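Letters A, B, C and D mark the chains as written, and numbering starts fresh at 1 in each.
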Amino acid sequence: LSWASATACNSPVNSPAGARLQEVAPSFLVRGARIGGGSFAVIAGPCAVEESLDLPVLARKLAASGACALRGGAFKPRSSPSAFQGLGEPGLLALAAARAASRLPIITEVLDPRDLPLLCAHADVLQVGSRNMHNGALLREVGRAGLPVLLKRGMSATLDEFLHAAEFVASGGCTRIVLCERGLRHFDPAVRNLLDLSAVPALQQRARLPVIVDPSHGTGRASLVPSMMAAAAAAGADGLLVEVHPHPTTALCDAAQALDPAAFTSAMRAVEAVLHALGRELTRLPEPAALTAS
Amino acid sequence: LSWASATACNSPVNSPAGARLQEVAPSFLVRGARIGGGSFAVIAGPCAVEESLDLPVLARKLAASGACALRGGAFKPRSSPSAFQGLGEPGLLALAAARAASRLPIITEVLDPRDLPLLCAHADVLQVGSRNMHNGALLREVGRAGLPVLLKRGMSATLDEFLHAAEFVASGGCTRIVLCERGLRHFDPAVRNLLDLSAVPALQQRARLPVIVDPSHGTGRASLVPSMMAAAAAAGADGLLVEVHPHPTTALCDAAQALDPAAFTSAMRAVEAVLHALGRELTRLPEPAALTAS
Amino acid sequence: LSWASATACNSPVNSPAGARLQEVAPSFLVRGARIGGGSFAVIAGPCAVEESLDLPVLARKLAASGACALRGGAFKPRSSPSAFQGLGEPGLLALAAARAASRLPIITEVLDPRDLPLLCAHADVLQVGSRNMHNGALLREVGRAGLPVLLKRGMSATLDEFLHAAEFVASGGCTRIVLCERGLRHFDPAVRNLLDLSAVPALQQRARLPVIVDPSHGTGRASLVPSMMAAAAAAGADGLLVEVHPHPTTALCDAAQALDPAAFTSAMRAVEAVLHALGRELTRLPEPAALTAS
Amino acid sequence: LSWASATACNSPVNSPAGARLQEVAPSFLVRGARIGGGSFAVIAGPCAVEESLDLPVLARKLAASGACALRGGAFKPRSSPSAFQGLGEPGLLALAAARAASRLPIITEVLDPRDLPLLCAHADVLQVGSRNMHNGALLREVGRAGLPVLLKRGMSATLDEFLHAAEFVASGGCTRIVLCERGLRHFDPAVRNLLDLSAVPALQQRARLPVIVDPSHGTGRASLVPSMMAAAAAAGADGLLVEVHPHPTTALCDAAQALDPAAFTSAMRAVEAVLHALGRELTRLPEPAALTAS
């Protein structure tokens, strides 16, 4: 009995982690934006959708800087029941308006299976957050919802546990899954979490799912995010999930880790330079004509 | 912004961890068995209810050795969708039969809010496991179910996060909550998890909920469990959650960490000696007459 | 290649951790005070010897409360070269004066092999601290010095690494070694370190050296120390290493974790009660007459 | 009292970590090879110098692939006294012969202050390993030796502790110090250590010392090393420390993590591409004529 398998109950697990992911797609399209398959998909946006945000303006800026999808939380997982829990449906409508303005597909988080009908009416990709990576009941329901799923690594999950969680999503029928490394619990207050970039090649060597990196939660310090964006590109990641906020210091959520649009634009230039040096490209949304034709 | 609060979004949290637990009971009765309030409640039983187990016989042995409640999983949280997921309703019926035979109240785990009606029809206490400690949606629903709740610490949760999770349960209206330390993710394969006994006094100094210890998951090694049972009693814990299986080597779940009934009985003698030395007592089920009279 | 062995280079290690500890004594006497062998040895004193401390008075109080040895640092391992580094030889002379007043043998830390002649002229037991557990050069020299050695676990050492470090000491010829668990690096600022009490039985099951516990560094919070003292006794430890300071709030070193003499006395009463309940006794210094006769 | 400062004794530390590093050079030359100052210095070689290695041939290959210095251990820090401890002086002579053949300066590890005269007679840079990062006695002596020092981060050291260790070296008079991130203790057996690339910008933002990355110890898996080499370059590191062995599977030390020369050459091409994309260059040894002229 190895240590890894001992972290679960010891009934027979007939397959190693990742073995049940044979049906999963190595790449897929979301409203024309390719995730996986060699191109580099950058998903950006605010941690939470806030009432005062002009999301359409922000989304157009993000697209102009090279993002191919918009992230934003309408339902927020919170440590305390007294913290801001997200706008709910108005938040989803705000995301949809930003999509209409920018053509960026929308990625947003699911916390409760009962929210799925509402979320599926608006979102393009469903995100399962770190706090729910071990929530098998949610993983299975999300896998049945018919949308692509972005699955974040638990805050102290092994790679095997991460792949097993992806299997839960796949067991619901989902074949479009992207994994996201977002930093691990850490002892050094110099950072909020410890970003594990070695997880990128280690996961890619075990399974063929796209693997992206969240350097915002992964460090919790805006000053470290641009370096980690470039490092993730060089490490072979399939993309990024980056928090960008028009005025980070006023953000209701995760102010210390969000980039402002200018810093994001500057960091994207370095990312693009690194990608080109390694023979890769940013995922770009197709021109509207191309989209119609395809 | 302190490190602890930085682990969540930074919207205003007006109260420190535990401040919203004022309404919670420092002790309560479960079918006559007292949890908290100075007495020491030992909850024992198999990790999972298995078809081949004679649960009534096991439950009577556990009661004779000093247990005041029976644990057993009918729905099992698993790392992989291909692992044994529990017996479901037949498991609950087997637990109820064991209760009828032994008078021990039943504690069993909730994984999915949709299982709550079924679970509430049979269980005396609802357990939320480590993998769901950050699952706010489940915590709130469980808090609304009307039963006492045993909440296990997440595998890398801070004490503040643990208390905030208890606040989620309390926000659903539950006032009977017991916290359970069950070991933290660890780098040394000598143990499965690293039991944090200092969490017992540290939690008791921050909030007035009962705090019990699970030395079975907390070490993952049956040979270490008796020492940690006695240590938890000496540390001032309000009780224990211990895995006992008639034949640990054949257990479908967590074989390496379960005690057999003889080892449990022997360990309980040491626990009782430590308790007496410190002026405390094991929680005992009231005699049937007393129960009727109360 | 197992994970544990992979933490070192992979040249042939012909023996598992602890196998080279066959010659080590399961118990030994230090000026008449027994370490190991069933009795429970409590070593207490200030973190560092400070000029303003009345050590003889403190030592007599500690002895009266049940301590059998006096700890105190004359050379202090510090994180920064600008921090207080200890009194050096005057500190050793102060310890010797306290020993003369109390008959308590002296335990003090070695940082540099070049200090060994001076330390051996005064000390009864040499301590190697956590920061030097991986310092093979020092371990070997300390093992050649002819005195018993108290070896503290590194702040993130596995049990195998800890036992290998003890083998380095033994390879210098030392047969009187006591291991000390003192808490591991931890992510939760609620405590300074995470005390691993499961290491006590786990080490005792692997090797026959005495194993003691330092709940002061092990938690870093004076309010948690008494509970962990009693828990260590119940876990089967062979003793304790406890920081006691006449006026903790003014201590030059580790103020937050030191007990004052009254709190120590009170905690020792609980320790003694737990030991008696388990059929064990505190190590007591022999009466002067007995000492002379033996 | 913050958590970080609480990890040491609490006597007055008048300066934050790194404040005493004002005199330290942001870049310096080692036999003409620049460390820091914008160029990217790659140090490569075997973990340990072994008798059967043809080091001059290996060194010429490494230089041809872009390395500017040769690493190799003559004295090896080992977990167990029964493991291979290094060749000692013959190892140093073999390194010197390889330097004569390749012009690569030599970097080798110090374990014991008493070895310093011998090491200083042969080495160009002294390495202090992870196991000794907290060994203040050694750090100070190494800082007095007159050679540049490569200081590796302890296996669970905070960044503040790492900078304080550099201050110990600087307090000996050394002004040429390079820091090396080499992976942290980790719970997931998928890797040997957890490489912390965010430490690169975080350290550079706190102090002006060069910071390099060891992806070999940092992951312990050769298959992950090339990705982490490129990622370190993109993260803004000042260089790399990479294990290369002619026949990794036969290496006496750390076989699982060494690259063979062909894999190293291939990985260096990607590193160089990333550097060029970001406007940077590999450190190259000057031509012999240039060296004479300077």
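In this text, a residue touches a chain if its C-beta (ideal position, glycine included) is under 8 Å from a C-beta of that chain, and two chains touch if they have at least 3 such contacts.
Just so you know, these numbers come straight off a predicted model, no measurement behind them.
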Starting at chain B, fewest touch steps before arriving at chain C: 1
More contacts between chains, C-D or A-C: C-D
Greatest separation from chain A - chain, by CA centre: C
Chain A-chain C separation of Cα centroids, rounded to whole Å: 48
Whole-Å gap separating chain C and chain D, where each centre is the average of the chain's CA atoms: 34
Chain A: positions in contact with at least two other chains: 3, 156, 160, 185, 187, 189
Interface residues, chain C side, partner chain B - complex: 2-4, 156, 158-160, 184, 187-191, 194-198, 200-202, 205, 218-219, 221, 223-224, 227-228, 230-236, 270, 273-274, 276-278
Touching residues (chain side chain A, partner chain B) in the complex: 1, 3, 6-15, 17, 20, 47-48, 76-84, 111-114, 130-132, 134-138, 140, 155-156, 160-161, 164, 167-168, 171, 185, 189, 192, 220, 251-256
In the complex, chain B residues that touch chain D: 3, 185-187, 189
